[in-house]
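Can you keep this structure in mind? I'll have questions shortly.
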Amino acid sequence: MKLIGEKGVTKVLMITAFSAISILLLIALFIINEGLPFIFKYGAGNFLLSSDWQPHLNKFGIYPMIVASIWVTLGAMIVGAPLGVAGALFLSEYVPRTIMRIVKPTIELLAAIPSVVYGFIGVMVLAPLIRKNFGGPGLSLLAASIILGVMILPTVISISIDSILAVPQSYREGSLALGATTWQTIHMVTIKASKSGIIASIILGLGRAIGETMAVIMVAGNSVNIPHSPLDSVRTLTANIALEMSYATGMHRQALFATGVVLLIVIIILNSIASVAIRKRISKR
Amino acid sequence: GKGKTSLTLAGSTAFQPFAEKLAEKYMTTNPNVTITVQGGGSAVGIQSANSGAAQIGMADLVTLPEDAKALTATVVAKDGVAIVVNPANKIINLTTDQIRDIFNGKITNWKEVGGENAPITVVSREAGSGTRSSFEQIVTNITLKKDALIQDSNGTIRETVANDANSIGYLSHGLLNEKIKALKVDGQDCTVESIVSGNYKLVRPIFLLVKGNLEGEIKNFIDYILSEEGQNTIKKDGLLPAK
Amino acid sequence: MKTKFRINNFNYFFGKEKVLKQINFEIEANQILGIIGPAGSGKTTFLRALNRMNDLEYDGTIEGTILLDEKDIYNPDYDVVELRKKVGMVFAMPVPLPLSIYENVVYGPRLSGVSGKNRLDELVEKSLTDSYLWDEVKDRLHTSGMRLSGGQQQRLCLARVLAMEPEVILLDEPCSGLDPISTAKIEDALTVLKKNYTIILVTNNTKQAARVADNTAFFLMGELIEIDATGKLFTAPLKKETNDYITGRFG
Amino acid sequence: MRIPPKYTQKGAIALLGGATLLTLAILIFIIVFILEKGLPVLSFNFLFKNPEDMGRAGGIFPTLIGTIILPLLAIIIATPLGIFTSVYLSEYTKETRATKIIRFGTDCLAGIPSIIFGLFGYIFFVITLEMGWSILSGGLTLAVMILPTIIRTSEEAIRAVPKSYREVSFSLGATGWQTVKKVILPNALPGIVTGIMLSIGRAIGETAAVIFTAGSSLRLPGSILDSTRTMAVHFYILAREGISAENAYGTAAALIIAVLFVNLSAYWLMHRFISKRS
Amino acid sequence: MKTKFRINNFNYFFGKEKVLKQINFEIEANQILGIIGPAGSGKTTFLRALNRMNDLEYDGTIEGTILLDEKDIYNPDYDVVELRKKVGMVFAMPVPLPLSIYENVVYGPRLSGVSGKNRLDELVEKSLTDSYLWDEVKDRLHTSGMRLSGGQQQRLCLARVLAMEPEVILLDEPCSGLDPISTAKIEDALTVLKKNYTIILVTNNTKQAARVADNTAFFLMGELIEIDATGKLFTAPLKKETNDYITGRFG
């Protein structure tokens, strides 16, 4: 790097950052470009607020899917976020480092298991369990939330562990020396000092939960139905796209991309709510 | 020409494994040809045949959409659609009308068709799917009930039905196994003989799509598929011959 | 005179290295014990052993016993949280918690269940006054404690400990970042505080030890060389090393 | 009523420990589930032979190669891009509205379903840039897909490096880049590695985006412009088209064992690096 | 006598708060300038302004100019990296980088391209000897710098700066964690070093300023109250505030 000097490095970094961000922007534009015209043509109201999805009759109403996406994501967060953060806190504050160092990579293994495998486990184990114990078809909002909740665990746990470990030891010492228990230290100092990383972990987990398709398709049941209970079968926006994309042409295909645009908006809204909500919770004290 | 010719097939995930097997065999006798088989679904098959990303598109649709009109379509195989229930279910036969009413949501309990007192779980394929279109066209007048479960592949339909004693679904008859039970439809067995003889009505075609006319290596390969050897391969693994 | 700490054959190891060697002595209540010694002689390590802050070192091991009020603090049944409430500590390097000045001070009391705005406000004012910080920060109690100057941070850490009202206060070079005026005031404060507290003061400033300590201990390379009444230790030490150190003829 | 700290401490241990145990139980269940179904078919032949008869017989060798090469390519492209971007955002720009928007934007893109990345890659790389279904198209698409995760995790890790380290380095006459290289990146390493491991995991487990861009051809790729099939895609096709459940789970089992091995050795290497440094 | 720094109408703000007010004076080369003043008076802030460490504060702003060798260091064209190589700094709180002792010392030289094992080994020995740490650590040069005692860390930080061979050395209470013997040695060293370096020493120990500084500046609440030859300032200060402070009658 000597060759190009500090100014050169700055420029290289800037260009890299700029290109990375433009690629990501390009994706957003790609979706919007493919989907937005349809929304204008079909009418945003009809598209967003109707519950009638019958592509072969050119009826494209995605209201139930919007509702379902929000519920499933919420459900996944309720299952995954507390479990993940709790696990991260326990592994980094109560468990010897050597054990943590084996458990963490093992948990990250969960991230590499293909989502189809999760889907099969959902169909073969979880859905029958739900059906037997609570009734309904088994393939349901509940099943999807649980499977997604499990799928985001490695993201939440790993990133949280790192940010908790980055909290200076002197904060812990300061707190313990004042007679705090480990838990008091965690809850009054550690969580606060690692706030930013814990939030990032939850937001990235949220991203994974919203964006997951294969597993959701397999366990959510995919009925185009406004859910009235967690045991109802639901179809999420992502599932809708992935489910029908392989046979969709013409108008139908455009409608699926338009679903993508709506998904993007839902993601933006959920992300904003999540970051505000988590930030509030963590920095309340 | 000289050297290696390469062909790409893309599209229907249901036909992909068959295409792979056919390609494998074809290449052993024609070492100067390389055939690559890609999935992606029927829509990708049509698109990539149009764009030239693949020379041959694979589609398992019943009627080809607008985009495919310009392509030369050849039916290379047929697929029987079996109506399946869980082996625990005592029902062995349903009429077309009963099937229609079940999928439309008019009949919601197995006892209405002579089974046990248990709610029916309907499992269907996704909108647009070839299996579903043919199922709906042949049974006629189907407006799928809203809370029907949707799965997007033969394999997942099979798992779902195998795991839910009250469910009913349909899938490619080549994938029948002991975990699920195929029903008679209007008294007709879902067997190869019965399908080939035309007694069993739920059948759908599988297309290969080519831009322009069939010529050169493309034609040779399609001819091979339609040859006796090719058709036997298809038959052996659960699809039905084109004619 | 009541004995507060009783240290018996105490050894401390970092990994294989022995940094405290066969320490044996007693610390009396309501007195100021000064601990002096060159850098690296084990003063901090010893101090941290007294409230078991050393538990946090992953490769630290101990031998021997330390009794506080005749109870072995290293006994597995001993409640280490209670210990640290009784034995407050000011570290050599001031590290305010990433909280406001106010929250830093009430941190300890809150832990023990003290609540109520009035009660806490009072406590904050009293502790900050005792540590001579009140005037400088009274208008910005709710800004971050980390944005204070070095000397201010040091006094904040002292206030934080005073607010806990412990029985023993461990001070590791508490005046190292302070100007002479604040230093003098804190020394005065310590002399007042010893009525209610037992104070153990590690200092590199031998004069400071001479000024405020009742007894002074001299550490050298992990060993307790000598402990005696301050007057005696500084005028007529028994050991040659002590003499060398306090007269600056050392090393 | 105030609960004494002793009890909150015990309660916390029970609760956090319980959550951890539950997580581990789920993890173990999933691993056992797959291994139980998959281990019986695992053998040397299974790993190192070509598939036959649609994958019902033979082995999974080409998919093994695909699983190694595709995520590798993706990570080789995305890691420098992601790290440089996060370094630029956190060290070379002030925290402004623009950086906040970028951070928010990357967060949102982390939630785009992979099938959209797949379709994007299909139209952009496969068709428009005429790369065809190839390892290159797939690698680029996966790189774009994991980029948000790498950027965000690296950024968090970089932000967690104590400010005093930067001050010391600058005060000793280091340039911004020297500080980044010698102090910031090494100290942010654990967090960066986490991001990379999670991303590798995603790339290895991905199906939709791979099928659309790298294809799903079963032949052994001869170059980066050939198409390939990963183990995840192989599992997908075998299991979803109902071709062979045993071989599907065999593939999954092989995948799990391989990933576990990779994860543990990556961390082992990292800790060696860290402990060697200080 | 050469002028090293020329500070003109210098103001410094944290956000809206003005913590340095209209500072105007000159610092001569090859001398030791002592800076004294109570906590929070702006000594550290001033020191950090001299090598632009304050650039790292997100809400800091400056007014006025500081000239080093007659060049304005706040000029946008001025190379801040060169500045910091010329103007080394020892912080009040010792922060070893998470590297070995050896790597901590050679960190700066390596950045400027010094290499070769022999050359670096020499440099390490020399710098550690000059900062009186060599004997204590020579057997464990390759263990972490973070596992030293407080006083040892302080001297490691000094060694790290000496190894850079800067022109100016800024010292922020460098002896605050040191025992009297090391302190005395470092004071001796400073007196030797001033032949080659310009030294600016912030200290809370007025006696230390009196002992080693050639000139002494007294800061109070962000203002430079008085600067003069040390002897004069301590015996016959012009301002009442200065007198109050050095006689301890202050506050």
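Each chain carries a letter (A, B, C, D and E) given by its place in the written order, and its residues are counted from 1.
One rule holds for everything that comes next: contacts are C-beta pairs under 8 Å (C-beta built on N, C-alpha and C of every residue); 3 or more make two chains touch, one makes a residue touch a chain.
Because the structure is predicted, anything quoted here is derived from the model rather than measured.
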Listing by label each chain that touches chain A and chain C gives D
By label order, what chains touch chain A and chain E together? C, D
Using the touch rule stated at the top, which two chains are linked by the largest number of C-beta contacts? A-D
Distance from chain E to chain D - Cα centre to Cα centre, in angstrom: 47
Between chain B and chain C, tell me the centre distance in angstrom, where each centre is the average of that chain's C-alpha atoms. 80
Between chain E and chain C, distance of the C-alpha-averaged centres to the nearest whole Å: 28
Among the residues of chain E, which ones contact at least 2 other chains? 81, 93
For chain D, which residues are shared contacts with two or more other chains? 5-6, 9, 162, 175, 239-240
Could you check chain A for residues that touch two or more other chains and list them? 6, 120, 168, 180-181, 184, 242, 245
Which chains touch, pair by pair? A-B, A-C, A-D, B-D, C-D, C-E, D-E
Contact set on chain B toward chain A in their complex: 13, 40-44, 46, 61, 65-68, 121, 126-130, 133, 143, 146-152, 156, 159-160, 163-164, 167
Name, in rising order, each residue of chain D that touches chain A in their complex. 5-6, 8-9, 11-13, 15-17, 19-20, 22-24, 26-27, 30-31, 33-34, 80-82, 84-85, 87-89, 92, 102, 104-117, 119-120, 123-124, 144, 147-149, 151-153, 155-157, 159-162, 175-177, 181, 190-191, 194-195, 197-198, 200-202, 204-208, 231-232, 235-236, 239-240, 252, 255-256, 259-260, 263-264, 266-267, 271
Under the stated contact criterion, what part of chain E meets chain D in this complex? 51, 53, 56, 58, 81-82, 84-85, 88-89, 91, 93, 95, 97-100, 103, 107-108, 111-112, 144-146, 157, 160-161, 164
Once bound in the complex, which stretches of chain B touch chain D? 8, 10, 13-14, 16-18, 20-21, 24, 34, 36-40, 44, 48, 51, 53, 153-156, 158, 171, 175, 177, 237
Contacting residues of chain A [partner chain B, same complex]: 53-56, 119-120, 123-124, 127-128, 131, 137-139, 217-218, 221-225, 232-233, 235, 242-250, 252-253
